[in-house]
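One chain, subunit A, links the two complexes that follow: it is found with subunit B in the first and with subunit C in the second.
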Partner chain A sequence: MADKRSALATNMRQNVAFYSAIAMLVALYLVYNMLHPRGFSAAVLIQNSNESVAIVFLAMAQTVPVLLGGLDLSVGAIMTLANCIASEVVNGSPLQIVLGMIITLATGTAFGLVNGLIVVYGRLQPIIATLATGAVAVGLALFIRPVPGGNVDDDISWALTNDLYEFVDTYGLFDADAGWFQTISWIPVPLLIVVMIAFGVWLPFKRTVTGRTIYAIGSAEGAAYMSGLPIDRAKIAAFTLAGFFAACGGLYLAIQTSSGNADITQAGAYTLNSIAAVVVGGTSLLGGVGGAIGSLVGALILRVISFYFRIVSIDPLLQPLVEGLVLLVAVSLGAFRTLRVKNQLNLFR
Partner chain B sequence: MPIDSPIVKLSGVSKHFSGTRALEGVDFSCRSGTIHGILGENGAGKSTLIKILSGVLQPDAGTIEVSGEAVRFSNPDQAAVSGIVCIFQELSLVPDLSVADNISIAAPPRTRFGLIDKRAQNRRAEELLARIKCEDVDPNSLVRELSLSRRQMVEIAKALGKDPKVLILDEATSALTSRDVETVYGLLAELRAAGVASLFISHRMHEIDKLCDMLSVFRNGQHIETFAKGAHSEGEIVKLMIGREVTAHYPPKPAPVPKPAYLTIDKLAWEGQLKGIDLRIGKGEIVGLGGLDGQGQKELLLGLFGVLRGLQGEVAILDNPCRPGSPAEAKSAAMRIALVPEDRKTEGLMLAMSIADNLLAASYDRVSDGPFINQDKARQAVSEGIAKLQIKVASPDDIVSTLSGGNQQKVVIAKWLMTDPDVILLNDPTRGIDVGTKQEIYKLIRELADRGKTILLYSSDYAELIGCCDRVAVMYDGEIVAKLSGGAITEEAIVAASLNVGTQSSLPAAGARHG
Partner chain C sequence: MAFDIPSLKTEDKPMVIASAFILVILSIGTVYTLSTQGSAPLLSPGYLLQQLQTGSFLGIVAAGMMVVILLGHIDLSVAWTMTAAAMMATTVGGEWAIPTGIAVGAAVGLVNGFGVAYLRVPSMIFTLGVDSVLRGLMVAHTGGFAPQDSATPLMRTLASDRFLGIPSAIFVWLAVSVVIAVMLKRTAFGREIYVTGNREVAAYLSGIRTRRVILGSFVVSGICAALAGVMLAGYSARAYQGMGNPFLLPAIAAVVIGGTRILGGQGRYIGTLIGVILIVLLNSVLSIMQMPEAGRQVIYGSVIISMLLVYGRGNKVHS
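So, the complex of A and B:
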């Protein structure tokens, strides 16, 4: 028992950044709901979840290359590309819809794979390689969808952007009014999707040798090599996984908006916000420390902060300024730990 | 396989690096169930030999046989599969992963689904750590949180976990506490009984003498001689290594004269790791810091150099309080303190930068006109520094990491001498350095003292404290437990004080402080 407790204490100490991010999110969201006229209602929760999915996926996508010690500037572009592809193919018969989703995700994943291959075999710095491939992705997206629009199956749009009740009801899976179902029928589907992918893909991946190699590379690439770890494979896998997460974001965006839009500005903004979310979520830009779940929380923190603008009256012209200041404060919180460091050498790993 | 055939055999192995030869036509073999010492100065080719054996480098010419079969390793992984495992001098641990993760890093235990089995991994780590008596290391703690000596033990546990047939230890004991060194000795004997061949590289002669069955001497990239222990005397071995006669190990000490205190340390305390240090060091005096690893010696030096926050107590140079808030302040004209840090690879050098840039790093203000670096002055300062310490460089513009360990350390020392310090703090400056360079450094330290510098030298090698220092302060658990001077500086006295025996009436739990 004492052993378990000390293991827990060790875990808490090693993940201070992550746990403080969770605490911050809970506090922010509670206050938001208290201030909101319709706070603590299912409608608010569903709307907020819907608006958070894309950035959460992008933050998770960005996490993997950052853990390597790199940056992926193409995540927003891959999302945009996936979004445009989905707006073409996610419709028709149920089989066609599923196939369309698979095509969308596969394209994004393949794009990530190409990023990885270029970084590993082209021996380029990730930041510059992905700057170039990101431009290619947006170019392809524009080619597919020169003007915004497209067609996404209405049923799937409705079912995936509401609560579980509507999902079950839309597809007539079972009696949605069944008594046992009441306790969980309020849960928003987007929230479930995010949680399922985060915990179903990221957590197992982290426990593979490839996953751990990514941490090892970011922490000390030389030591990783000397330990005989599969470095090339891990780097390729990292960018591939980033492509997959980014495609998830793009697919959801298409389902949520029922359309595709090759918006270059939006792609860039999403990429930059994903980096901010990664940092707020406790992942070190130097690599080796952090994780996608932290980034999920970080992205939610950024979203909740922007939700505040709806209920607190601030001149829309001042919004970017306030948003920037809040972000600065949020990322500064992580720097407080350095004030407690007594041996100044420990400030520089 | 006949019993007598070597487990590893190299024939005609050569390796060149951009013009310089690191190994030339080396024939070398070692047998199962032996501990085989490899001796040579830095730059003699030992590191290259090890790197070739363990798959980090590929030879330009020659063949390698393992158990009679020709092999070619293109990476460390393949060597490990053939049973050759190396414990490197530069640690191969990943700081942000846990101890258990690191120990099983290449081939972790898996669950049915192919995922890493954390519980089995922790159990495995505990077993391996228990084998080397490191039960105090928590498998869940991050490697970053461990002291250098604990990291080294984890490194050894990691190597053991690979079930080696040939275990290479490259200066693996240089960072260890005396207790751990004994554990490693025991382990090597155990492995020998189990038929493992150990290749042991060390600069500590008594270690080699105590442990090894066979010795091989390398010089200038060539294999000079392999012989059984006892075939040559210590003096003969040193002669084989450096190819010249060694007369005196340490420069003669001047007659002890009491010197007025120049640096005064009073009741210095920090975070429970320094508990009231009192020490006075005179101008022209070399004071040694002794004791087991991790008793606060490093913290004392860092504290004096302005790295630690929240120090308590007084430090003064003559009568002026001297409490720098940063290394920049410590080296300023008011204080003139220099520190040669413990780990030259991370704290001493910027490995990717040129020798010239590294030499100038602490003294740019001396070679600048206003905000601009004066290239002429810089060049002159660099060539003076190189000449003063006789650093063997092809060109000052070469990257510093291309130098051998001994020459790298000379660069670090030269860098600080260029600031013209009055107080010189040295943290184990000869660790992992060849005999020749060590002697040059001893001579230099004495010359500096003769020129009126105040020197505080921490060394993990007792012989060095005895040979170099005018006085020795031995630390134990954040305190100075003994101050020795003159003829009282003996190995027995230092060892006894290090273990804190004989100075107090009660025996302390000597193992309790490790960790």
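So, the complex of A and C:
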């Protein structure tokens, strides 16, 4: 028992940033629900989770290259591309819908793979390589959808953006009014999707040799190389996974809005917000520390802060300013480290 | 001067290839116009000067961006620094318009530099935060609309008049270029930027006050962005929301295409100049071809990637 407790304490100590992000999210969301006139209701939870899915996926996408010590400036563009593809192919018969989803996710993943190949075999800096491939992705998205619009199957839109009850009811899987189902039927489907992907894809991946290698590269690439770890494979995998997560975000955005929109400004804004979410979630931009679950929490924190503007009476014109200040303060909190450092040299990279 | 003789070859390669690519762009464009319209407007001095005039805003932003990139940092706040400077300049108006705009840029640079150098927040995220704060400030200031104040006569003169038959914006760009090039090459501050960009610990241990170098560089970048913003407002006669947004990524691309290492410590100003001209001409050829936005983005990205694959590759994995 004592062993377990000290293990937990060590875990807490090593992941201060992660646990404080969770604490902050819980506190923020509790207060939000208390202030909200219809707080603690399923409707609010469903709406909030719907509005958070895209940025959560993008934050997770951004995390993987950041763990390498790199950066992926194309995640927003890949999301936009996936969004536009999905608005073309996710409709028709159930089989066609499933196929459309697979095509969407596969395209995003393939684009991530290309990023990885360029970074590894082209030996370009990730930040500049993905800046360029991002432009290509947005260009392709514009080819597919020069004007916003598109058509996504109504049933799937409805089923995936509501609670479990509606999901079961829409597809008539079983009697949605069954007694045992009542206890979980309020859970929003988007929340479930995010949790499933985060825990079903990221956590198993993190435990593989490739996953551990990503962390090793972020800490010390030279050491990772000398230890015989598969550097190239890990880098390619990191960007591929980023492409996959970004495509998930784009697919969900298409399902949620029933349309595709190749908006360059929006793609850029999502990319930049994903970096912010990664930092707020406790992942170091220098690489090697953090994880996608933290970024999930970080993205939710940023979203909840923006939800506050709806219930707190604040001049809408001041809203972007407050958002910016919150972001700036949040990222500057890490500066306290500079006060604790004993050796000045540790401050420099 | 002895400093760059050993690395002369590798440092020159990007410039030679980029210049060659400029010629390729020009000849493709000329062949296109000759075959469709039977004329070669691309080669007329008047057209080229006009392109350089619109390119001078990008050129000035890129000059400041290069100084920061040489340190291994990046300034993502240039977009709204430009807009903020332009808006404050048109709001103040009169003879204080331009000094106000420049002062806004210097102030933004100070904040950026403070955050990056003293608080040690990664520049990527700190300048991003400053960018969104500036956007918030400007939305609060203007109410989200395009401000009604118009640019002062001096701003218009600087941006759109001609002097000796050459657009005066080009002279401003030239002046900024000379200042930055001399600063990087001939002053202690310039050399300290390269040293700090190569290895900050070593620079610090050699007695360079690296924090001040970083602070100063961000101020230079802020001032350049502000100057470009003020001139852009003069060019379009007024400031408007998001006017700086289309300049951020091309500025970074121009610097990198010009052979400056994105990790810092290596690069020459002439390269950035060539990079800007390349991007400006690429854009103008694509608009002559009436390329839709989709094709432009794809070509734009592919050009950057392929240029870098030719000469921007890093070293093989090291022990």
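Operating definition for what follows: the second predicted complex is superposed on the first by the 333 of 349 C-alpha atoms of A that agree within 3 Å, B and C clash if a C-alpha of one lies under 4 Å from a C-alpha of the other, contacts with A are read in each partner's own complex, and residues count from 1 in each chain.
By definition in this document, a contact is a pair of C-beta atoms (placed from the backbone, for glycine too) under 8 Å apart; a residue touches a chain by one contact, two chains touch by 3 or more.
Note that the coordinates shown come from a computational prediction; the quantities given were computed from them, not determined experimentally.
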One more residue to check, A:Ser227. First (subunit B), second (subunit C), both or neither? first
More subunit A residues in contact [subunit B versus subunit C]: C
Regarding the shared-chain residue A:Gly200, is it in contact with subunit B (first), subunit C (second), both, or neither? neither
By the touch definition at the top of the document, which applies to A:Leu345: first (subunit B), second (subunit C), both, or neither? both
Residues on subunit A lying within both footprints (that of subunit B and that of subunit C): 222, 225-226, 344-345, 349
Would you tell me which residues of subunit C are touching subunit A in their complex? 74, 76, 115, 118-122, 124-126, 128-137, 139-140, 143-144, 200-201, 204-205, 210, 242, 245, 249, 252-253, 256, 262-263, 292-302, 304-305, 308-309, 312-319
Which stretch or stretches of subunit A touch subunit C in the complex? 71, 118, 122-125, 127-129, 131-143, 146, 221-222, 225-226, 231, 262, 264-265, 268, 272, 275-276, 279, 285-286, 315, 317-325, 327-328, 331-332, 334-335, 337-338, 344-345, 347-349
What residues on subunit B touch subunit A, complex-wise? 56, 75-77, 80, 88, 90-97, 101-102, 105-106, 108, 113-116, 118, 138, 140-142, 144, 158, 270-271, 299, 302, 307-310, 326, 347
Residue positions on subunit A within touch of subunit B in the complex are 6-7, 10-11, 14, 204, 207-209, 212, 215-216, 218-220, 222-229, 288-289, 341-345, 349
